[in-house]
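Each of the next two complexes has subunit A plus one other chain: subunit B in the first, subunit C in the second.
Coming up: the complex of A and B.
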């Protein structure tokens, strides 16, 4: 536990305004990723995963309609809250890179892959375009692309989603970052491609010792890839701990529900469990546990918000539930 | 890509023939007999009939059209009824003045529209955006001749900054004609006094014409720029730490220009016909004022010659626009 932290978030709150008022997308969230660690961040759509990951590189549309407060927001030792635009630019892409969910729209349709990659390489390290080309080629081959020369001369519309995500991953790894924030990088891809990309990411992390915050709603990928995991619900962390433990013996009723609502291939034919009800929109500043309305175990005490508490039996784990461990 | 251009060129020929035919028909259908005008109020029917015969107006319509087309192909646009000089000669002698005005207005309109649009998009919903938008609505809703009069009154009448009407100071000797563009010719002759005179005469009419296209262009660029800036690839570019300048000019603007380029080709029509009015107001010795007097005199060979030339210019400009579009957008280039 002496490793320095790659991400250190304390008490992050992000709120968005729309016509009906303010909504809380992320509520007093704290999250740590140590150098070289692969950490999963899971939760259903709208639980605030992407907002959290975007805030790390200060990519939120902050202004009249979006407010961010935090006790601490450090990325690789840089205090993002007070960083200048120049400091942020040196962080982005060079030290902390980000991969997004939608490879189909994440690349400029009017720019060739070669120019995309050169732009990133040249933005962070002056070099001849010949060197940049050679490096781009090497990066693409490392991502399992067999004919990098052809791909470099392609435009995004000529490549499949899987190829584009490989290109984006190559861009992310291009400046040897110490941290990669992967915001649902597999969601838009088919299963075989997902599998290949997971293998690639695993190999690259072992080789380079890069820390990864892996945002996903795919529990099995997170379980196989990540050391630790954070489970988010309605903008809050409800459970955290070693990925394998949390995702096999969950403590929080929400995590239990998530696990139960996965179809199993070889299980006897039963009705698939789902979590009843809908996630709160964040509009109502509801008191108490956010999961209360959908929780099968809810009781009177749930009208008071449970803090995220370390588990009695396992100090590495924590969950935000009054019944912690008892269910 | 070359295939696309060749196909467009073939379509061009068809369009130009079509325009010629329509122009020809309209010219013949419109009531009003140029022969009567030429012959004067006291002419006998005999004289009028003779003029008819001279001008070929007594022959069947399709024969007239065929001989007109035949003439066009051989560079014969007929003879002006009023000046008695070949139409093509008149047009080519006046064309440089008009083209100089139009090209200057185009460049001003292009840069003005794009830069104001980008500025408005970057400062969206702030005071700069509001000011630019109010200006653009004003520019769109004011007729060209009104803008011309206001500018003339202000900069010539009140402030005295601009020279009076015309294209060149009559007291100076114009530079030897090489391209016909006074700005270029005076620079080629290294005659900077002539250049200053030409530029100052050009300023007001060019600005008037440009204002019309700036208003519309600015709104379009603002909208498409805002849309481009909200795209995922802009977020990607930011997340990879690219310089903001590069993101705006090289990623967002390039995408935002696609719809603008298309519309700019169409805008050219209003530029051509706007110049007819504006030239008369500023006494610009170009095609516009010449054609306007031809219209009043029912000088059909001139009107038709101008229309055919204008359609050729317009159609070629739009071909150019298509080629630029092809160069910018790999998706329509048909790769892959």
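Coming up: the complex of A and C.
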């Protein structure tokens, strides 16, 4: 059975202008998240994953210095490209919630946690402040906060990074959204806390059928949480498929390099395998495969950009490499 | 090998915010009777989650937090006066290279500022030294005249390391040096730190929440929780036979 899609992106390109010209942040990207599905979007900083997720809820500073083109950009059935501000307001928060990476900038330093949570709850559903308080308390304890009463009376600066991030997650879940776009939500959290929250998010998705686009650079968290995964490099999707398969037997040389550089694979105090060099900045947008300068397998054909092509052995998987299936 | 650093019974206490009028102040023990020792040229890994006191330990050792207790460095008791004359024998690298580098200083100024203290004042000498330092940490030498914002995250962390090793320290305190970096860049910085240690014989205190990275870097490991060291010992002992239930929980995340 095919589920309706929560996110449907076809051929998205986002470009930013700076003093030296246009830089392509996202190039011809297509991505689907079905209802109730947890999908990971992996990439290193500057790979375009946050720009992709921000484009979905109109969070990009579109204008003279930022241009977006897409064949299709649908969120929960709404065509975001042609939506009105009113439609977007109805979408954001209540149906599609966003969790940001920096909990300190996402919370207002002059408002208590209680005010933050009440703002969200009351904006989307009129209720007494007593009910809102009780609900806030419940949401916070579901996020593993042991003393929600104290936390509700705190201001953001009085909480640790982990606590602030839990508050943001609680706010995202507060209106029972159908889609959560989470941009590095666990990065600031401790390992044991991550574990706890991954379990919780998994349970919540099963119960409520919420779809999640989970943006992260943490391979192990994505593997344990997501059904499918997209791997981004220099603004493009280089590999996609079931998370477990892609992150245990990667096809694309970039994904292979990422996985091979984890310290767990090496004897203590020995040199690690690394991917040489660093990712292109997007300014030049060279022809051909963006990874070719760092790739151990590069050959003549790589000067032509490889399309994202389905894997011969597994139609659910695809990678953008001329050697797909051969390495 | 001789002992480079010995810290005994370190305690750092902060005042907790008062909970109401007339209530006596409470204290939070960010560090509660912590003792560590480190051999010359060795690496002590400090593993713990946020709030466990591992950064406070780094700050206390570096003289950046008000600490009670005793620190012996190369056999000498560290007092503020002794610290001033140490000439940067102990240096620290912070987690976030965006906030720990002055955005208005050029790269050569950043990595040779400490040399001012040892009397090297001519710009020409400083730039020369900066070029050598950049080469040592694998940064392109052409960067000397640029500003930190022109560097990528991994390059900035290399710069922070270059600044720290400018005074040829005996001990480098690394507070989550790879946590803000991407996976592929993290591996490069780990390799750099291992190479530097082999070349110079510096000792490291390597602080991280990342179990895999700490295991990879350390000879000995101290596990912290609630401002105390709950378990300490040789790396393999901690990993093969963790005694404390919390250590077991932390390590289980790896598998």
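Convention: the second predicted complex is superposed on the first by the 320 of 327 C-alpha atoms of A that agree within 3 Å, B and C clash if a C-alpha of one lies under 4 Å from a C-alpha of the other, contacts with A are read in each partner's own complex, and residues count from 1 in each chain.
Keep in mind that, in the parts below, contacts are C-beta pairs under 8 Å (C-beta built on N, C-alpha and C of every residue); 3 or more make two chains touch, one makes a residue touch a chain.
The structure displayed is predicted, hence computed values, not measured ones.
Chemist: With the two complexes superposed on chain A, say which partner A:171 touches: subunit B (first), subunit C (second), both, or neither.
Modeler: Only subunit B is touched by A:171; subunit C is not.
Chemist: Looking at A:107, would you say it contacts subunit B, subunit C, both, or neither? Reply first, second, both or neither.
Modeler: A:107: touches subunit B, not subunit C.
Chemist: Considering only touches as defined above, state whether A:158 meets subunit B (first), subunit C (second), both or neither.
Modeler: So A:158 meets both subunit B and subunit C here.
Chemist: Give one of first, second, both or neither to describe whether A:275 is in contact with subunit B, with subunit C, with both, or with none.
Modeler: second
Chemist: First (subunit B), second (subunit C), both or neither: which does A:309 touch?
Modeler: A:309 sits against neither subunit B nor subunit C.
Chemist: Of the partners subunit B and subunit C, which touch A:258 in the superposed model: first, second, both, neither?
Modeler: A:258 contacts subunit C only, not subunit B.
Chemist: Between subunit B (first) and subunit C (second), which does A:191 come into contact with in this model arrangement: first, second, both, or neither?
Modeler: second
Chemist: Taking the superposition on A as described, I'd like to know which of subunit B and subunit C A:92 touches: first, second, both or neither.
Modeler: First partner only.
Chemist: Quick one: is A:127 in contact with subunit B, with subunit C, with both, or with neither? Answer first, second, both or neither.
Modeler: The answer is neither, since A:127 touches no partner chain.
Chemist: Determine where on subunit A the residues touched by subunit B overlap those touched by subunit C, and list them.
Modeler: The overlap between the subunit B and subunit C interfaces on subunit A comprises residues 158.
Chemist: Once bound in the complex, which stretches of subunit A touch subunit B?
Modeler: Its residues touching subunit B are 57, 59, 85, 88-94, 97-98, 100, 102, 105-112, 119-120, 123-124, 154-155, 157-158, 168, 171.
Chemist: Going by the contact rule set out above, which residues of subunit C touch subunit A in the complex?
Modeler: Touching subunit A: residues 17, 43, 49-51, 152-155, 182-188, 190-191, 194-195, 209-213, 215-219, 235, 249-250, 253-254 of subunit C.
Chemist: Could you please specify the touching residues of subunit A with respect to subunit C in the complex?
Modeler: Within the complex, subunit A contacts subunit C at residues 44-46, 158, 160-162, 189-195, 217, 219, 257-258, 261-264, 266, 268-275, 278.
Chemist: How about subunit B: which of its residues touch subunit A in the complex?
Modeler: 231-233, 235-244, 246, 251, 254-255, 328-331, 335-336
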